[in-house]
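Given below, in the form of structure tokens, are the structures.
One chain, chain A, links the two complexes that follow: it is found with chain B in the first and with chain C in the second.
After this line comes the complex of A and B, so read on.
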């Protein structure tokens, strides 16, 4: 076990845990953002550099600070390590710089992008980016291509996180796509006009943090915040069958895997569940998907609060108004 | 001329063949090491010699060797980094082309010290003809019993292979080199683990520059302590310098560490002074990645002491008024050089060579190139100069590998020392329309030109 202090809060985690995962165990505002790290994909992380943090004290044995900022997703903790994330102006400045770099070749046309509303880069830029751009030059652009009959690749939007290539490597038998070229001319592509065609290829869409890989069966059908996400499952021979149905009235517009609070899929789903069962009758619907209330998707939120709970919540707030300490919220009690 | 430890016999006709090389005392270090020394003793000699990595970073080679995980049951590898692609550096090519056996000999002795049974020379793809020279030398060494099974009748066996890269600068970064050698895309790895623990095929690996490995030969022959007597302080031995640019005698020179920079530039033994009787304007002392220095700072440090060709003296003053010895790519510029144009050329190189794996380098190098292109062609604004400084600052230190730093340092230093010139480009766009603008009318700034 190793004791680490992140932004002044101490936590004990297992040896070998990365700083990012230690911060996630703590939760709260001090969790560094991550655009390329994906806990269920081996070898991911270290590339986007938005998770950079400052190590003010290396360990209790060797208290010297690490001179450079480190990528929290790939640096393991040491006992007695002191990490600064939000408390270090240097980190925030570097992160702002990285967001700027990610945006210089990324089109700033969120209103016409299908990913808007569930885009990690949009959230990141909102939190850490500048409100104007200093980049005057022409942006890098590519033609849209179809990789397989269900997936659209728009390289222009790609931030080269390499997640989708890892899905191809690790979830499926054959590696059919990867990265071509070098530097800012790099592109995700398939091997000379070969289609990405295997049972789990659809997960590429879920792991993409931006709008580079989108589902052709859903593309431009609806803005994501006009749909209602419902947890659902069916018995499937290929995968867990646990999904989220994105519905409009009783129509299933899209099926995706379930993402956790950090936007990561823990249980990948097969293409049959994703594309071939867009009928509510095929699914056992469990109930509304919990979406973080800060997300734009929660705009159209509908999780029913029964009146009794609502009354208790109002009473709780009134107590607080009277100057008493805020009692625990109902879902925090246990 | 100072003492020559590597290029002593360079002028002997036929030195590239095994017979002549052997006649001139070649392969003595292999005999000495294999027959009279244990591997640890060889490592000890290298440690005593104070030899520092000649590829650019200047990390002590003996220390790097001692980090190698010797307890692991996996095979150990020695990989020679011959992917020399830094603009301004061409010393390794010269050495491999002229005395290929020196590198082969160094590889055998070093592999013995590290306990490697298989070793590789990773050479850049553009050096295909050098690869053929090396392969011929290796065939000759096999035939003479210096490679293969039971070398010189001892129980030590070694196989040596040459592997060409596909022409990427990034594959000179040691972990990208290992990825490429394994047959993958040449992207640098995240460290730790360092190659000494998990390098080639996840086995303990040492990666050394051509010149470092060649220097092991005189170290074993002379003994580490004797080798350490050459040079000054912590910069021991000799160094190959590839001198290029506006000098009378460009070429590869072997110098003793500690030679004054002024002597190196102006002495007839070395560069022979600035061509056409012009004045010295600036020097990039260690390959394109190191900070550029104006004439008055390269000849003398900020404290007024004469600057020497050593790791420490060139770095004196940090990045404010110093630079680095780097890989020894010594680029000299006369008064007609446009620093902005030179910097744009460097920036174009780094933009082209960035692997594209991590965001600051992938996007930042391209951005800097575009802004510099604008300034150089008379379309810049004053705010662009500060923008460049800021972009460079945000790349530096935030990337996976040192390519980001290498791209940022020249930009930051050129603006630090030659800001007036960038401002000139913004103020007088008409005057810089001609690409040879400073050849027609040299840029004059009283503090930057010196006549010696």
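After this line comes the complex of A and C, so read on.
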């Protein structure tokens, strides 16, 4: 076990845990953002540099700070480590620079892009980036490619996080999907446009943090904030069958896997669930999916409230009004 | 009882004096008020022969602009609809086919774009939200009609005709232009 302090809060985590995962165990605002790290994909992380943090004290044995900012997704913790994320102006400045770099070649075609509203890069730029761009040169452009008949690749939007190639490597049995060339000319390819016909290939769409890989069956159908996300399941022999239906009236426009609070899919779904069941009658609908109220998708989105939870929350607030310190919320960890 | 204003008069039934009985002074003072008003500035104008002066940034009926080449600017991004506090705007997007480049500027366009003018409160938030400078409010007035259905304006009424462009340059005040500086960069065009 190792004791680390992140933004002044101490937590004990298992040896070998990365700083990012330690922060996630802690939860709250000081979790570094991540564009390429994906907990359920082995070997992901270390590419986007968005999760940079400052290590003010290396360990209790060697209290010297690490001279440069480190990528929290690939740096394991050490006992007595002191990490600064939001409390370090240096980190915020660096992150702003990283966002600017990520946006250099990213087209600002959010009004056209289907990912707008649930795009990690959009959220990141909104929270950490500058509101204006200094870049005036031409951006790199690529032709749109169809990867199979269900996925559209807009290479122009890609930020080269390599998540999709890891899906292709780890979830499907033969790799037909990788990155060609180097540097500015890097390009996701299916090795001479070989169609991806594996049962789990559709998960590339879900892991893509930007709108580079999008669902062709949903292409331009609706903006995400006009659809109603509903938790639903069906019995599927290939996957868990637990999905989110993005509905408009009674029409299922899109089916995706369920993402957690960090935008990561824990249970990948098969292509049959994703593409072939666009009929509400095929699904058992559990209810509206919880959407963070800061998201644009939460516009006109109403959820069922568990009355017991609400009662506890009201009691918590009453305690606070009596002059006592605010007790921990139910979803906050101690 | 305490009086609410100092203009109220206490009614009494005392006998009128001679001057009051002939009513002439009262009538004359009434006529004076009428004559005075004849020379005052009129509160109304003789519409439709005369129209009132409009503010340059008057918020009337919307227009969906075309670009210099006559292609529709709207890309159906839905930001106007999500910004609209009255939820008056609905749209359906479609993908541009090959050969339609002169009709629509971007690869996605609004196949259907409707504003319910009965819902619209002419606040101008759609104009502010638009990233493509496609929707503007103009000094045109939404005309009256007999049926409620007639107030749902589709693209036939909103998109400006190619040969009868609607001038919105007067709306581009220095403050607006400063705000739009960022949009001038090549990749935002």
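One rule holds for everything that comes next: the second predicted complex is superposed on the first by the 303 of 334 C-alpha atoms of A that agree within 3 Å, B and C clash if a C-alpha of one lies under 4 Å from a C-alpha of the other, contacts with A are read in each partner's own complex, and residues count from 1 in each chain.
Quick note on the criterion: a residue touches a chain if its C-beta (ideal position, glycine included) is under 8 Å from a C-beta of that chain, and two chains touch if they have at least 3 such contacts.
Note that the coordinates shown come from a computational prediction; the quantities given were computed from them, not determined experimentally.
S.K.: Would chain B and chain C fit next to each other on chain A once aligned, or clash?
M.R.: They fit: once the shared chain is superposed, the two partners occupy separate space.
S.K.: For A:160, is the partner it touches chain B (first), chain C (second), both, or none of the two (neither)?
M.R.: Touch partner of A:160: chain B, not chain C.
S.K.: Taking CA centres, what is the chain B/chain A/chain C angle in steps of 10 degrees?
M.R.: Superposed on A, the angle at chain A reads 120 degrees.
S.K.: Looking at A:49 after the superposition, I want to know if it touches chain B, chain C, both of them or none. Which is it: first, second, both, neither?
M.R.: first
S.K.: Mind working out whether A:69 is in touch with chain B, chain C, both or neither, as first, second, both or neither?
M.R.: A:69 contacts chain B only, not chain C.
S.K.: Mind working out whether A:108 is in touch with chain B, chain C, both or neither, as first, second, both or neither?
M.R.: After superposing on A, A:108 lies in contact with chain C but is clear of chain B.
S.K.: Among the partners chain B and chain C, which is in contact with a greater number of residues of chain A?
M.R.: Of the two chains, more chain A residues are contacted by B.
S.K.: With both complexes overlaid on chain A, does A:225 touch chain B (first), chain C (second), both or neither?
M.R.: Second partner only.
S.K.: Is A:179 in contact with chain B, with chain C, with both, or with neither (first, second, both, neither)?
M.R.: Touch partner of A:179: chain B, not chain C.
S.K.: Taking the superposed arrangement, what is the smallest distance in Å from a C-alpha atom of chain B to one of chain C?
M.R.: Scanning every C-alpha pair, the shortest chain B to chain C distance is 16 Å.
S.K.: Do chain B and chain C touch any of the same residues on chain A, and if so, which?
M.R.: Residues common to the chain A contacts of chain C and of chain B are 135, listed in rising order.
S.K.: Looking at the complex, which residues from chain C come into contact with chain A?
M.R.: 75-79, 81-82, 93-95, 106-108, 131-132, 182, 185-188
S.K.: Sort out for me which residues of chain A touch chain B in the complex.
M.R.: It comes out as residues 45-50, 52, 68-69, 71, 74, 93-94, 97-98, 100-102, 104-105, 134-135, 137, 159-160, 162, 178-179, 181-186.
S.K.: Per the contact definition, I'd like the list of chain B residues that touch chain A in the complex.
M.R.: 168, 170, 185, 190, 351-360, 362-367, 370-371, 374, 387, 394, 397-400
S.K.: Using the touch definition from the top, list the residues of chain A that touch chain C in their complex.
M.R.: Chain A residues touching chain C: 107-112, 116, 132-133, 135-136, 138-139, 219-223, 225-226, 296, 299.
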